[in-house]
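You will see subunit A twice below: alongside subunit B first, and alongside subunit C after that.
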Partner chain A sequence: MTTSRRFAYTVGAVALLAFFAFHTLPALQGFFYSLTNYRGYGDWEWVGLKNYELLFSDARVGRAYRFTFGFAVVAAVLTNVISLALAVGLNGRIAFRRTLRAVFFVPNILSLLIVGYIFNFIFSSAVPQIGSALGVEALSTSILGNPDLAWVGIVVVSVWGASAVTTIIYLAGLQTVPVEVYEAASIDGATGWRRFSRVTFPILMPFVTINTLLTVKGFLMVFDQIIAMTGGGPGDATRSMSVLIFSAGFNAGEFAYQSANAIIFFVVIALVSLFQVRTMRSRERV
Partner chain B sequence: MTAATPTAPDRVVPLGGSGRPARRAELYPGRRRVNWWLTAVLVVCSASVLVPFYLAVVTALKSPEQLGGSPWALPTEWRWDNFGTAIEVVDFPRALGNSAVVTAGAVVLTLLTNSLVGWVFARNMDRRFFRFGFYFLLAAMFIPFPVIMLPLVKQTSALGMDSLWGLVLLYAIYNLPFNTLLYTGYVRSIPYELEEAAALDGASPVRRFRSVVFPLLMPINATVVILAALGAWNDFLMPLVVLSDRAQYTLPLVQYAFQGQFNTQYSLAFASYLMALAPMVLVYVIGQKWIIGGVVRGSVK
Partner chain C sequence: MGACAGDDEPADGVVTLELFQNKSEAIGVYDELIAQFEAENPGIRVEQNNVPDALSVLRSRLVKNDPPEVVALNGDQNFRGLAQAGVFRDHTGAPALDGLNPAAVRALQDLTQQDDVLAGVPITLNAQVLLYDVDLFEQAGLAVPTTWDEVVATARAVQDAGGTPFAFTYKDAWTAQAVWNTITPQTLPEGFWDDLRAGDATLTDGLTEAATKMVELLDYANADPFGTDYNGGNTAMARGEASMYLQGIWAIPAIRAVNPDVRLGAAVVQWADSDEPAAMVSGIDQVLTTVEGAAHQAEAERFIAFLTTPESQQALSDGLAVFPARPDVEPADDLLAGLKTYLDEGRITGFPEHQMLAGVNLGGALQTFLYSRDPRSLGAQLQAEWDAAYERESL
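And then the complex of A and B:
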């Protein structure tokens, strides 16, 4: 079996080397640049931890964190609540089940950027039309132009896009609930909300964990829909961390500074993921 | 919600309080009692998915003068040549070709390389090198793309990888951690005896993989293909930072690049958006069951 062992080591080594070269190495380079004053071109010098010091007093970065996390929490909660409701509905005794399921999944196959452009039009033209027809002041102008409300538009698109796959995962979860469990519950007189909260939901807990992890992680990286709808504005009201790293890192000569920003962002994301996995695991066991 | 008791019609369950559903089930054995209220609620909810499409279609078919009217109104005169103009303005065939090359390339390269790597890792997990490598890949999944994109762009342009083929290679590499996780889990369920038998017959490792293992991996292969295709087709950020030649722009990127020209001409923009979305929608209509199943298997693992 020596040829097969040599083959295995060759495949493993090539795969790990390729991954190291195009994923790990850029990460290490990012750390390296974060200790310099590199602008993306030209000369550079060592500056030590100065970029990191500046980060902590940069109001722009603070606002980007606040928007990103606020957005991720609101969007993740809404996505999971709506998806769970839809999944319970789709799992009920309904007609056209397959067609409805197919329709609700459509957003998952679409480019979020293009969906963002379509919703940009909806918020700037279609919704204000209804808003002024109904005499609702807040809706008669584009919410995307309002620094206090633009984030709502981003949340709507993001929930619209993410609910598709979240719903289908919950639906898969609901189908793992054995019919006997429901029968036992109805013998005990549990129906409606009581049955959902005491019987269905606890069984679904692993799926709540998966969906919360996936949605939060995805929303913390939010980029496409913001570019399509607000470009991070008005001002920097909807500038997420990804948008900030992208726009300032590539176009404002802040290559090194945004590299430091990205490194800290990575640490934060890793901590959030670990925290989530731990708390959710412990809750599942109860 | 009260009528959503999922009792199979053939099982008569003594329901405390309301005996009606059970009696009906007895009267019509084998027929499911449809909850029409719930169906109606869901149909109304599905409008939230369909309304954006309605608006996109009617906007794409309007003339510039009609755009001044209500966005909700149907076009008074259907301007199908908006699509023709949009095709010319954005050079749609070229963008479609670019997206097709990247997606097909990413799918094929991801499938072939990642399945082989997953198999090799799964069968050698008892060796320290592979165990370490596996955890290394898993740990790397925590690093999101925006974190590495600044240095990556330096690297890809220095290596001349700022092209469609560069993207294909990057997709295959970045898909590796997740797919290795998928494949190793699945390979363990394949009896090792099959490979042993082939090895005794003198089959090389490549041959064993190709003719024994790979066909058995089909359910996971389907998931990998679907996820790789959706990922590459709809991706925006990576092509945006990696590609430098406008002639290589993929469909989403073209919509971004033409925003300036679209500004005053919503109809052209929407015609272009719809054409960019259409190929994947078409694939979805044909392979709907397959795609949903693939995505679910990928997420629940």
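And then the complex of A and C:
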């Protein structure tokens, strides 16, 4: 074995060990507890698959899945459309291009929790005050207090926060489009929208795949901004799966039960990601 | 950290106790009392430990078999869960109980639903009342309401004069619970919660009256009750933007912090359509206890007994703006002193939310039902969640 090879194995082993200790082991522990009635403290007993059985008749879980998936789809589509538009704009020959690129990256370096609290204030105080000053009935009450509209507030913050990284990835993608292709396209007379839809977008397809995958996965696990803005309310209108697992698992003594919930949720996310990779890969070979 | 200090016996014979408490407002008061206690007991040192999300930390400490010597917690359903799991020592007959209000001791047993075990020593109590703005009431020539009909009449009078009768803060789930806690107890039949646990009563029927009245009060609410949170409600009361507020006495210092000149009054209302005098909704603000298996039990109990002396009780009551557990100590605040007769006479009833199973999302159900204004939906929703939570808990 050469030294460089030995070095590679050593580094790999350390990473594997860390991954196992901090990721795999807790996951296995969670699975272990999901087979008990452990409350997070005190005595516990084996209950087999009872927790899993009860999950399927738990109305909270059904509603949380419905919110989480609806939210993830809307937020992922909006994030990708907006980010792609931003990336195309920031890739063009415009003034202050570097500065603007930096500005649009700012949301990523701010903690989503803090951003959530700021938007909480904007939606609860600033917007209603402006709304009532202008006499606009619809804007004079906080949308975060309305069970039918609170999700819109969460989507706005989430899209705002997630667009930064997504835009950067699309920008990187746009750099990979060879200049020759554009030259050939312009000789053929393709400009504007036609050039984008027939030339740029197909070449960007691998980046669309990775961005969709990342945003959907990220939005399925939405947590911080909900805690900061609604706490899952009003009622359970914005209670995502992560919020349900956390709040019921740690505050309501349902540690084992929510562990079972988390295990199933993990499987669901894995299946969704797998499905996405399969379908989008096939579209990349245009 | 005091976390590991209790196990090892230092050579100088000084015992170190860790006081693990979950009330950040109380840090200063506890520090002063600890200094006095240490001066009187040279062989004992007390280290106060207040962490964010204290209950999760405490649970993880219990799992790791690293219990603090003294625990101070709020008497809520979390405490009940730990007490029922047998985490705490039985304090029946403890010296610390000498001179305490028997009603406070009974309130703790009602909370934990344990007749033969006393899971700790209650040292301070709080209450859930109708707060009102004295200046606004005087200007409008309004009397303090003590019955449901009077509350509605007062609210209507304020509204007719162009004012805002109530500040409701339904953006926060827990403040929706505060309003529900105030109105519900009087409207329930005697022994309702025992009947519910036995399957002889349902939330669907039991909660209808309270729910109907909560919906009716929405007609007298501030402009955007579902967009207003706890801080918003406190600010509205501090600035005289609303006349009445259904909250716990813990809101009083918060309101005065915004405007020290505001004059607040408090009333206990009979919310049911009944002539009987109302009981005040009261809970245990801080309960002191020790953990089964923790070290230095004798020293820990001596510290708890120190906190129930008249001098300590006065300091706790005045420093935290809560009621002392001793009937012979009077709060310096007139507002609290006026309400304390309810405690002295034992005319108190517990927080109904403490009777709920932990898995029931009470605050969320309240927000949903208030927004829909459908009184029957509250009980139906909570009954469904109760049944599901009961099934999970009995695994």
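A few points about this structure:
The rule is short, and it goes like this: the second predicted complex is superposed on the first by the 263 of 286 C-alpha atoms of A that agree within 3 Å, B and C clash if a C-alpha of one lies under 4 Å from a C-alpha of the other, contacts with A are read in each partner's own complex, and residues count from 1 in each chain.
Simple rule for what comes next: contacts are C-beta pairs under 8 Å (C-beta built on N, C-alpha and C of every residue); 3 or more make two chains touch, one makes a residue touch a chain.
Owing to the predicted nature of the structure, the values given are computational and were not obtained by experimental measurement.
Contact with subunit C, but none with subunit B, is seen for A:Leu54 once the two complexes are overlaid on the shared chain. Of the two partner chains, subunit B is the only one that A:Leu25 touches; subunit C does not reach it.
Once chain A of one complex is fitted onto chain A of the other, the partner contacts of A:Arg239 are limited to subunit C, with no touch recorded for subunit B.
Contact with subunit B, but none with subunit C, is seen for A:Arg93 once the two complexes are overlaid on the shared chain. By the touch criterion defined above, A:Ala138 lies against neither subunit B nor subunit C after alignment on the C-alpha atoms of chain A.
In the superposition on chain A, A:Arg39 makes contact with subunit C only, not with subunit B. With both structures placed on the common chain, the touch criterion links A:Phe250 to subunit B and to subunit C. Overlap of the subunit B and subunit C interfaces on subunit A: residues 40, 125, 250. Every residue of subunit C that touches subunit A in the complex is listed here, in rising order: 55-56, 59, 62-63, 78, 81-82, 85-87, 170-173, 223-229, 232, 358-359, 361, 363-365, 367-368, 371, 384-385, 388-389, 391-393, 395. On the subunit B side of its complex with subunit A, the touching residues are 1-8, 11, 13-17, 32-36, 38-39, 41-43, 45-46, 48-50, 52, 55-56, 59, 70-72, 113, 116-117, 120-121, 123-124, 129-130, 133, 136-137, 140, 142-155, 169-170, 173-174, 176-177, 199, 204-206, 208, 230, 233-234, 236-237, 241, 251-252, 255-256, 259, 266, 269-270, 273, 276-277, 280-281, 283-284, 288, 291-292, 295-296, 299-300. Listing the residues of subunit A that touch subunit C in their complex gives 37, 39-43, 47, 50-51, 54, 57-60, 123-125, 128, 132, 140-142, 144-147, 231-237, 239, 248, 250-254, 257. Residue ranges on subunit A touching subunit B, taken from their complex, read 1, 3-4, 7-9, 11-12, 15-16, 18-19, 22-27, 29-30, 33, 40, 86, 88-96, 100-115, 117-119, 121-122, 125-126, 129-130, 160, 165, 168-169, 172, 179, 182-183, 186-189, 191-193, 196, 207, 210, 214, 217, 220-221, 223-224, 227-228, 241-242, 245-246, 249-250, 255, 258-259, 262-263, 265-266, 269-270, 273.
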